[in-house]
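Note that chain A is present in both complexes that follow, paired respectively with chain B and with chain C.
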Partner chain A sequence: MAEQKKLHYYILFKTYTQGMMMQELLKKDGIKSRIAPAPRAIQGELGCGMSLLIEPELIDAVRESIAKTKAEYHDIVPYETNINPGRNRFC
Partner chain B sequence: MADYRKMWEDLGMDLETHDQLCAVLPTAFGDVYLSQENRPEGMGFWDMVVADVHGIRPAELIEAQKNGQKVFGTFCVYVPDEVIIAANGIVTGLCGGSQFWVPDGEAVLPKSTCPLIKASVGARLGKTCPFFRIADMYVGETTCDGKKKAWEILAQDVPLHVMDVPQMKRPKDIEKWGEEIKEFVKVVEDFTGNKITAENLKEAIHTINEKRKGLARVYEARKAENIPISGRDALLVSQIAFFDDPKRCAMMTNKLADELEERIKNGVSVFPAGTKRIMLTGTPMAIPNWKLHQIIETSGAAVVCEETCTGTRYFENLVDETKDNLDDMIKAIADRYMGIHCACFTPNTERVDDIVRLAKEYKVDGVIDVNLKFCTLYDVEGYTVEKALKEAGIPVLGIETDYADSDAEQLKTRIQAFVELLD
Partner chain C sequence: MIYLDNAATTMHKPQCVVDAVVNALTSMGNAGRGTHEASLDATMVVFGARMKLAQLFNAESPEQIVFTANSTQSLNIAIKGVINKGDHVITTEMEHNSVLRPLYEMEENGSELTIVKADLLGNININDVENAIKSNTKAIVCTHGSNLTGNLNDIEKIGAIAKKHGVIFIVDASQTAGVFEIDVQKMGIDILCFTGHKGMLGPQGTGGMVVAKNVRVRPLLSGGSGVQTYLKKHPEEMPTALEAGTLNAHGIAGLSAAVDYINETGMENIRKREQALMWDFYNKIKDVDGVKVYGDFSKEERCAIVTVNIWDFDSSQVSDVLYNDYGISTRPGAHCAPLMHSALQTGEQGAVRFSFSHFNTEEDVDAAVNAVIEIANEKR
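Moving on to the complex of A and B:
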């Protein structure tokens, strides 16, 4: 598996229930999202927490869906993610 | 991204150090989980739990404490959850699966202690695990020498009850274990202020059995030729089961199993056809120890079963639900738990029989016998395990490792060579 370094969008939430609700609403609109721990660098003063990871090609559809459903969220942050299954760095 | 900092502060945690863990978890999770294709949709629940692993469940536990419930932190699959649940207590696992906690453990323990013990003690003393801060009482056991001495250190910091697990499984040992459970009933009653009755114990036995059945269904799906779930995902399900509410765990595992069974019907696999099937046997893998699974599953093989305490030993065999009086129920609990085959027992031929049986049930191509460094019991038993597997014609690779990243490349080379030899 090759290294996957690319820009993603992270939707951040004040509570995980907002995140779960958002994922359901996006799913109804046929938009794929993945639950991921929010990278520390984009969390500001807040602690560990869940986010929704969005592929860049889907972000416009996500924004349209949110405008329609008024789903609650804290912020949408572009962030270059380096997902590398061969890195062998664990925690 | 809820703000749990206030909660962690109130728990007396070291926020600055804990923040370093928050920084590395997303990267490790991304590499191990987000890199996978075609994961079951049901895994979203476990992803959510991990993403907020020190937030969501700790907040639930604190809320329960406000309502008068007591939280018991446990370290081992021999501690009978049923007793705690019957007294309206809550069982939680405790942190212990990361190198992050090891240095704080080594501050008080010899370096030649297994990483699971060092990490557990380090997580408590370093104040970087909310579960260790929340638990009102820890329940230890006598399953190894390192743990027995670690309890003495932890007991200086928090109430701790130790259950004396027998060393052998003769009838008199099983009877003694029943007496130990009776004593535990008294400890839990006194601590919670709630009486354990035949009625609430019967209900608790049912609750925990249902959780076991849910986990068993997920594992059953892994026996299919088309493997519907990765070993990494199955491991995560099992790891979180130690922390979750047992009824929710049963519900979510059954929901996941529904999806996996549908995948099997539709021939959906997360691995290419012909991927070699590996069973792991040996020492437990506490969250977030995903190291060996990740190395194996990025080396052209799939993990289809774990004969470990974070695998089949956790859920196989149910407590007999037909008993109606307290003494018979406690005996049924004692019998079930003495059916777990840990290397701390002598002799322990049942475990070897289990490994050969499971290797056949899960149709594995090879077994990796993994021991956490300095776990003498599993290390020594490895000789007998590997001999039995060879006699059964099942290829086996013995590995000793810890939580550090430093041996990952070497392990990958060895595992790749082992997988290639399975052709």
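Moving on to the complex of A and C:
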């Protein structure tokens, strides 16, 4: 299988609750996100184990939504992944 | 069996609560410990419960809802987490041991304690609370409703006093959460402590706190959090700061369903129904020869509790007869509220507590009335 590297954005949080709250707010704005384990390489010391994986074309809308709702998060990190984030079976 | 011990725990749970727990036990992983389906199921159920409870109590944010095992754990976290050596704390004679014992422990460790007296009806004078405030007063800790008499405290008035003097207000809502409207912001409550298995109609082993954003609570426990693994210190962010270890997500699933049930049934409908049964029982036994009822029944709004003694009969023996001869479950003896018993002068005899649920019926009440009358007649 050919490698399909693609830049995605991971929103990192200090707690799962922050992440769940952010996803609720994004849902209200009609923005898709997927809960995913935060890649270890970008977690740093503070990140919690979960992240919201955002497709690159949605990141501006996400930033606008965050600015509007003042939702709390730790960091937003662009990161290359070869995993297809289109799988959103559980949330 | 006629179950009239709902102030100890509501035995009859809504079917949706039972179903939610069973469903959780067969499907849920560990909340906040991964992002596979089973873990996410649990994470979402727990987060959903936080959102519902935040709405129920008008918390500032779902993050300010902390899950614990019961009111006792909540009160220990609150009391030991905000009071320091040299601080002064005010509480009342109406309190349960879950308030008193942590406060006595803090007193032994160098804090000061004032206990506001209750009268023969089991009421405190709110002015006494304000008059007890000193320059080093850190907190007021008091119950919303007495587990012994069912008397309510005017929490909003006490909250206003606490705000006026810049004192942290901690409320024990063990007997009232789920039945009486509690708006932590309107009532000036800094830390609300509740249990899930009484009026909330959830499973035992569930409970929680609602903590104001501007109040810093020192954690009682530290350890596993599922986040910030490489830090030596437990995370400071709420609610993780006060939730070390795996949550009782199976129980929280039941509690979440219970909040749905309360919202769908209507808290006011639940309250009016159980109060109607309580008043029916009270009115039918209050004038029976030999029956002494404790508490203040001059106010319509009170917990659905009627605590009595019959002549000088040992309360435990009365309760034993009630169960063995009539199939009626009640709570006798002391009720973990030693100062309240002293105020009511029932330290020796204890008392028999009848406590009602909206699931009880008029037939349950009449059976209990009949039993009380028959037992009282034995003295003649």
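What we mean here is this: the second predicted complex is superposed on the first by the 76 of 91 C-alpha atoms of A that agree within 3 Å, B and C clash if a C-alpha of one lies under 4 Å from a C-alpha of the other, contacts with A are read in each partner's own complex, and residues count from 1 in each chain.
Going forward, a residue touches a chain if its C-beta (ideal position, glycine included) is under 8 Å from a C-beta of that chain, and two chains touch if they have at least 3 such contacts.
Values in this document were obtained by computation on a predicted structure and should not be read as measured data.
Contacts of A:Ile35 after superposition: both chain B and chain C are touched. Once the two complexes are laid over each other on the shared chain, residue contacts for A:Met50 go to chain B and to chain C alike. Of the two partner chains placed by superposition, chain B and chain C are both touched by A:Tyr16.
The partner that reaches more residues of chain A, of the two candidates chain B and chain C, is B. In the superposition on chain A, the residues of chain A contacting both chain B and chain C are 13-16, 20, 35-37, 45-50, 89-91. If you check the complex, the residues on chain B that touch chain A are 1-5, 8, 19, 21-32, 34-35, 44, 47-48, 50-56, 98-100, 288-291, 294-295, 298, 403, 405, 408-409, 412. Here chain A touches chain B in the complex through residues 1, 4, 12-16, 19-20, 23, 34-41, 43, 45-51, 53, 74, 81-91, going by the rule given at the top. Interface residues of chain C, counted against chain A in their complex, comprise 31-35, 37, 40-41, 43-44, 47, 50-51, 61-63, 226-231, 235, 237-240. In the complex of the two chains, the chain A residues touching chain C come out as 13-18, 20-21, 24, 35-37, 45-50, 89-91.
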